[in-house]
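Written out below as structure tokens is the structure these notes cover.
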Amino acid sequence: MSAIFESVHYIYPSKVHALRGVSLEFRPGELVALMGENGSGKTTLLKHINGLLKPVKGRVIVEGIDTRTASVAQLSQVAGLVFQNAEEMFFESNVFDEVAFALRNFGYSEEVVRKRVEWALKFFELDTYSSQSPFLLSGGEKKRLAMAIILAWSPRIICLDEPTIGQDSLQKEKMKHMIKMLNTQGRTVLLATHDVEFVAELRPRVILLSKGEVVADGKCEEILTDETLVKKASILMPQLVYAFKRLEDLGFDSRVLDVDEGVRQVLKVLRHESV
Amino acid sequence: MTIIQVRDLSFTYAGSSKPALKNVNISVERGEFVLVVGPSGGGKSTLLRCLNGLIPQFYEGEYSGKVFVDGLEPDKTPTYMMSQVIGMVFQNPQNQLFALSVEADIAFPLENLGLARDEIIQRVEEAMELLNISHLRDRSPFELSGGQQQRVAIASVLAMKPKILAMDEPTSFLDPLTAAQLLSIIDDVRKRLQLTVLLVEHRVELAAAKADRIMVVSDGCVVFDGSPRDFFEFYDSHLYGVSAPKVTSLTKRLKTHLEKWNRVCLSAEEFEAEVRSLVSHL
Amino acid sequence: MSLFEGLRFRPGTTFIHRLDPRVKLATSTMVLITAVIHIDIVIILFLLMLESLVILSAKVQNLWIKTIRGALPLVAIVFAITFFSQYSREPVISTGLGYALTYSLRLLVFLSSFSLFFLTTTPDEIALTLQQLRVPYEYTFAFVSAIRFTPVMAEELQIVLDAQRARGLEVDKGPFTKRIRNLIPVLVPLLVNVIRRSYELAEAMEVKCFGASRKRTSLKQLNMRRKDIFFLVVVLILFSVGVSVKLLGLEPVKTLPLLGQFFPA
């Protein structure tokens, strides 16, 4: 297992009980979407994976290590976390050093650092900006840099907190492509997100959280089309599912997650009836 | 009655070599709901700021062209006067709330304008009631959720009784459910007060059906200005950084496959109506 | 964070809480002045007792203890310094202790006088007080903004810290010089955020007509009620007694030698 949560409870100093007995298992190479409204526990859960938060009760085991026995620096080497506004964490005078920062912290030799930084920058098409200030990059470039920073040390698990916030369709398309690539490389990818359409396009395993508890865990097609679950987790249904649900009385199946499937169904019903 | 008129507007931010807006010409009628979309960095926010005077008064740069908002020229009129005609709500709810209570925050611009206390009290009550936040009056902004904060920000702006409401990605920081609720309340308020609304928004599916018009701003130019339906039907919105609502993409395809499919739909409700009407005619 | 506990956002309901903040401010000032002009243990103890009465009636004893706890090292230092400087002049333990006690308790009275004000007044009320005392609006606004954005910045600090720790930054390890250098990845993003926030805030302020009118009005107003005036009168009387006692040299005896009778030499 890549990561295991065993009956994890977490209570913030402000007394908010953010995780209530969460038990989950993440297999290597899985693509998982964590969904739920603000305050449901998504970010709290992600922070347990790299040890930023340690469970108050229960335990979290990441790549075989109990998080309570390891430091954040140690856990981060196997589990990278890209924060929601990671573009606001830059501080170096050039892009190269910005990416090298983590690698140097982890103790890699300068030779290895150079190789890895160059690889990461090339992978995210930022190699031409190597000596530029990270503050001068465009919004989309900054987001790619944030990913390059984490990918540079090639963690086996990657956690992304709201990767599509505030992005236009072109940027989201790129993000989808990057996530799929990470997954093809064999990494376990966890996404905490609200973007239900984005999730519908990726078809990952979906975990719904509500008030710190897991209310659903399974296939995207089954969960996002279940009205009760969607309501319980206070998320929005994908538009197509919502639209087809309203037409169930006409014989439509609401488990429609993409446009192709939708077209097929409508044609079937309309042509069939006209015979 | 035209309330906004923009003629040959060009603007380049100080220190930048590329123009942010190039020869923009638009006009908006009183009471219209205009959805402004386009790729990030394309000029949407810049355009909005040219309407209330932040450009060129707050943001310096090369400015040419003429802008008229309710008869006033934003480049020559003090911003506090512009704010009473065109109110603006920004992306980040946290950074538009100044006071330590909701009530005090809504009163803030009115106090700045030196209005009489009775007037202030009345306007604050009305604004809170409009946005359904009267029960939050004593709360401090830090304690509020993102959705509540945005409602306070909107109330604060509406307290000045502007005729136009300009919003720059107000739902960016909100989850989809809250975003839908916020846009729904904005639509209600707009109808009640007969406001002209300019909304910059990435979440097109939440507003496409409600908008009268869509303006696509890309690379500093207005590449499309017309009905949302026409835009989605005749253009590949994705090329302009605009995610078409899934139902819209679906019905666009259906139109090519089925002769009898009438129109490209902008919402699930429209789609349902179309399907039912077609089925009943079979 | 214990100092910030004092700046709560919702008004309390005790008599003290409901007093007009100007009256409270005046009271705190008068207590402070009385403590400054007297170096007499009896007066100091009397003031401390009055303050305790106020604390208890306002039911803020827990918060007060938290605020004072932070200052205890300072009080201890004052105690030690006073004792040794006095002892070096007059090697009598009892006198030394007497002075030390007086000075440290006096410090406690100073600290409490204004902490009481802050513990029983909301920041909103403080802002109103400043406004009605004709402090230029820019200063009041700066004060309110500082309070308004402190929790926001505290949250941001945590976020930046978390993000950099996820990049392997270890903030509590290594020699002192390394730890100082490790602050850069935290301080730079914070500073950048502060600057970005200032721009956004300035924009919003423009849009909300900040500075539009020289004659700024306000939603709320402080009004003195009978009980405020009554309280103020009582405090004024006590204050004048305290001042006259000093001016007329009627200090409750040179009490320090008296203390000596309780301590073995």
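Lettered A, B and C in written order, each chain numbered from 1.
One rule holds for everything that comes next: contacts are C-beta pairs under 8 Å (C-beta built on N, C-alpha and C of every residue); 3 or more make two chains touch, one makes a residue touch a chain.
Chain-to-protein mapping (UniProt): B = ABC transporter ATP-binding protein; C = Energy-coupling factor transporter transmembrane protein EcfT.
All of these numbers come straight from a predicted model, not from anything done at the bench.
In terms of the distance between Cα centroids, chain B is separated most widely from C. Taking A-B and A-C together, the pair of chains sharing more C-beta contacts is A-B.
Averaged C-alpha coordinates give centres for chain A and chain C that are 46 Å from one another. Note: centroid distance chain A to chain B, computed from Cα atoms, is 29 Å.
Annotation for chain C: no residues touch two or more other chains. Considering their complex, residues 47, 50, 52, 71-73, 76-77, 80-81, 83, 85-86, 88-91, 101-102, 105-106, 135, 149-150 of chain A touch chain C.
Those residues of chain A lying in contact with chain B across their complex are 37-38, 138-140, 165-173, 194-197, 234-236, 238-240, 242-243, 246-247, 250, 259, 262-263, 266-267, 269-270, 273-274.
Contacts from chain B toward chain A in the complex involve residues 38-41, 91, 145-146, 169, 172-173, 175-178, 180, 202, 205, 237-238, 241-243, 245-247, 249-250, 253-254, 257-258, 268-269, 271-272, 275-276, 278-279, 282. Per the touch definition, chain B reaches chain C in the complex via residues 52, 54, 57-58, 78-80, 83-84, 87-88, 90, 92, 94-101, 103-104, 107-117, 120-121, 124, 138, 140-143, 156-157, 160. For chain C in complex with chain B, the touching residues are 9-10, 122-124, 127, 141, 144-145, 147-148, 151-152, 197, 200-221.
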